[in-house]
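Report on the following structure.
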Amino acid sequence: MTSQAENLTNIDQFESGRSLWQDAWSRLKRNKLAIIGLSLLIFIGLVCILTPWIAPYSYEHQNLALGATPPSAQHWFGTDNLGRDLMTRVMYGGRVSLAVGLIATAVALTIGVTWGAIAGYTGGKVDTIMMRLVDIIYALPFMIFIVLLMVVFGRSLLLLFLAIGAVEWLTMARIVRGQVQTLRQLEFVEAAISIGLSKATIIRRHIIPNALGPVIVYTTLTIPNVMLLEAFLSFLGLGIQPPQSSWGVLISNGVEGMEEYPWLLIFPGLALSIVLFSLNFLGDGLRDALDVRASKD
Amino acid sequence: MALLSIENLAVSFYTRNGITRAVRDISFSVELGETLAIVGESGSGKSVSCYSMLGLIPCPPGKIESGKALFDGVDLLNCSDTKLREIRGNKIAMIFQDPMTCLNPYLTVGEQLVEPLIYHKKLSRAEAKKKAIDLMTEVGIRTPEENFDAWPHEFSGGMRQRVMIAMALIAEPQLLIADEPTTALDVTIQKQILDLIADIQKKRNIGVIFISHDLGVVKNLADKVIVMKAGQIVEQGTAQEVLSNPKHEYTQKLLAAIPSGAKDTPHHNNSDSQILVQVKNLVTDFKVKGNVFRAVNDVSFNIYSKEILGLVGESGSGKSTIGRSILRLVNASGGSVTYHSEELLNKNAQQMKPLRRKMQMIFQDPYASLNPRMTIYDTLAEPMKLHGIAKGAELNQAVLKLMDDVGLARAFVRKYPHEFSGGQRQRIAIGRAIATKPEFIVADEPVSALDVTIQKQILELIGYLVDKHELSMLFISHDLAVVRKLCDRVIVLKHGVLVESGEVETLWQNPQHDYTRDLLQAVMH
Amino acid sequence: MLRFIFTRLLQAIPVLLVVITVTFFLVRFAPGGPFDGERKVDPSVLKALEAQYNLDQPLITQYFSYLGDLIQGDLGPSFKYPGRSVNELIGAGFPITAELGIYAILVALAIGGCAGVLSALKPNSTRDYVSMSAAMIGICMPAFLLGPLLILIFGIWLEWLPVSGWGDLPGDKVLPSLTLGAVYAAYVARLSRGGMLEVLSQDYIRTARAKGLPEHVVILKHGLRAGMLPVVAYLGPAFAGILSGSFVIESVFQIHGLGRFYVLAAFNRDYTLIMGCTVFLAALIILFNLFSDVLAAYLNPRLRSQLGGKS
């Protein structure tokens, strides 16, 4: 049991262990699909951020004389019937689609985590009431409500964020609550209580780091859901409105003329599908790497 | 000719983390009417050797590297799946460790019982049912006609294990493989199941392979014993030879690890010790789906300063709840708990904090009791920082001292719990408990999740620390033999009620209550 | 069991009430009246119209009279289709949507279930990779993209199948059903694979094998029921998704079902029709959730006996 390091007191001199995060990262790195997804996401994310500077044409640029042309050297993705460069439009549309995905997910994350954590940690009657409410809202047919909301209040982007965020937080709340409840009963949390740590410290040091895995995984998988929802609404004409556009709007426009101009459907569709693929593969990869089991509630 | 003879069996597992040679070149045989015990600690390959010959290990990652398993003239390792299936459950049957998970919860008990008869013996359902009901009676299941249509979840653990045994016997096999059939059961039930298996073996004159980690359990049951370690057989012979005259060092170690005998140091006299913890009329209720369940019912006892008080009972007897109620980890519903004559039950979290430094807990499961995302250093330093015991360089020094104290190499200080074995983790957990230099520790089954040889080391460590730091302890256990070895006095709990208490040796020699006698019988084998 | 169904039905009532109330007030507070058309309507005509539809009464009275009508199953007249009641319109559109939905669910269960179970039996095999990749495509290819692509490929380029309509030409039901079912087939495949893998690693499956049961008995009798539980629990959400998915499918394939009515009503601000459809669809979804809950409870003996009454 004794080692040559017997008399060392400087902790840093000892070899450090591998934390579970490091383990997870090395597992993730071995998952090729997840890494391809991550790289694609970083690439597409950068392109969308830099769009105003790197887009080949300006957003308003029209060339009515040119009309719809198939992909060419000047217009890699072709042009639409107003002679607008499709690549530029896809890039600008991506900004909106990704923004909706990220912001609505952030809304869902904030509400869901707070709600779930409070319900799970407090337990008892508070928990019962809070989760009962989630159950009731869960039972509401939300898709239909969102359509209704968009009809009634007009098609504002802010409302879209709120509406989508309001649907997606429910699952997040359930997941977090399940996690917290399981963790709360684990012996290391009891040990923390018996040491005399305060509630806040226990939550910060013992509960949150251990509940983070499923939250990360689920967040990654919520973004594609949100983007799909936005595209679905935009496709129906109930989401993003012209002159703004998103991939959903572009796909919707593309469908109208798809017999003559299939590229108008294919390129925005491809862009959306690639992002959805990447997010799903990354989410699955994270799920395996962080060893998150499907939560049952 | 032997009923089953295994020759040069080797099994490996090919995983992402490398190759594990689970079984390395082992040979043994079993005769009709003979019981062979395979003994070893977890990971010794004792189960894999039996599962692999029946094709019950998943391949990949498993791979049978070499060997023969001759049964009735057939090499089980080299025959068709169909042939093997005809033997499995028909001529060779198995009983598994955990009856809670080994019965299909989606099928009735009767349905699962008749299956082997329908598929192997081609009996009609009615004939099969008749036979199943006879057999249910034989293995001691009451009202078999009614229970035939019951679901597994309606049965207790012991009853489920009886169903498993009936299911194994129903096709009248020549060889029965029992893989730790009593490990998951309560001690008093364990004895009944062991007796049942021995009884059946004699009556039907079949061969039995009994896999166990516990040499004590094997003692009365086996004709031959094989001791396995790291995939190899280190010793084999008749039970008599191996148990009374072990040749191999590892067998000796295993035998020595069985707790036996009384405490080495004599007990301090109560009369001049002061009462440290006084529990009076303690009641703890739990609400389960609206129903109130009384886990602890009017229990009173004292813990004297510098003594180890054993608290014995089976699972569900409320023994852990008592420990947790004292430390205010669960809220008691009534009664009083005093510490140095100071009432604990009416204190809030803030008022408890200074007392928590003096009262600590060691938990059962070393895998759940350490935060997986904190290094050993953080785990051990946390209580010392909180209670202002040490800081800065002094804190580092104190953590390293603590590691020495519980027998962990200092070099491990920045590692994470998942990099350690169960025994090492329990050492860390013990280190955390003594970090604040407490006076009183509740130890809740601290060794029951560990292998026997590790168990012994941890018990020795606890004994050493109690002496060194002059601790008082409430030691919760289901195992009277462990309690006898470690504790001064003992109290016995059944269904939340205290049934007996006294000096350990007095109680051991002359138990007053029937329940205590049952518990004692179970450990005496 | 009956009591369980009954309590669940009782619990559904407040949910439905919330749906009705929220819908009613949302629609009433929406900016712009139902008769704000392109042309300015004469005030007196407007008054007459409002009187005809009870819009001149206090809101709360309107609400309760709407509730009263609802209880009798009357969803009121349509604003934009004069002379036709919402009941008639739903009656005309719903059978088509229901048929489409049923085909889609069948597609989802048949294709998804088989692919999932077959994958689970041989995890990490080629078969597993192929079907799980297909499932991933299904999940990442929304119906409004898949539909047009299928039309483009099978309808326009290959000319194998009709591109629109429902029940007019032979084979015109194939593409819509496939498109609507595809996404759910993908989810079902993943869920059933996960469920089966989980079950096949259980101790009791090992017990079944140790008994020497033939492999198909082990899988079908001992494994399938528990393995399909996640799929059963998913039926409720899947049904809700398929109903709202029909909005898109019916637009893409020009099918005159309920989904198309709903979207048109949304654009036309046909308030009574929107409200009627919302309440009707919500009730359907709530009922179907109930059905999938009950089915899941029925398949789980532990739950079943907790709910009273053996088998």
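All chains are identified by letter, namely A, B and C, in their written order; residue positions are counted from 1 within each chain.
By definition in this document, contacts are C-beta pairs under 8 Å (C-beta built on N, C-alpha and C of every residue); 3 or more make two chains touch, one makes a residue touch a chain.
Being a predicted model, the structure only gives us computed values, none of them experimental.
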item: Far-end chain from chain C, centres as C-alpha averages; value: B
item: Chain pair with the higher count of C-beta pairs in contact (A-C, B-C); value: A-C
item: Rounded Å distance between chain A and chain B, as computed from the means of their C-alpha atoms; value: 44
item: Euclidean distance of C-alpha centroids - chain B vs chain C, Å; value: 50
item: Centroid spacing, where centroids are CA-atom means, of chain A and chain C in whole angstrom; value: 24
item: Sites on chain C touched by chain B in the complex; value: 202-204, 206-215, 217, 221-222, 225-226, 299-302, 305, 310-311
item: Residues of chain B defined as touching chain C within the complex; value: 54-56, 81, 85-90, 93-94, 96, 98, 101-108, 115-116, 119-120, 149, 151, 153-154, 164, 167
item: Of chain A, residues touching chain C in the complex; value: 136, 139-145, 147-154, 224, 228, 231-232, 235-238, 248, 251-252, 254-255, 258-259, 262, 265, 269, 272-273, 276-277, 280-281, 294
item: Residues of chain C that touch chain A when the two form their complex; value: 12, 14-15, 18-19, 22-23, 26-27, 29-31, 136, 139-142, 144-145, 148-149, 151-152, 156, 194, 230, 240-241, 243-244, 247-248, 251-252, 262-263, 266-267, 269, 274, 278, 281-282, 285-286, 289
item: Footprint of chain B on chain A - complex, ascending; value: 1-3, 5-6, 8-11, 14-21, 23, 186-188, 190-199, 205-206, 209-210
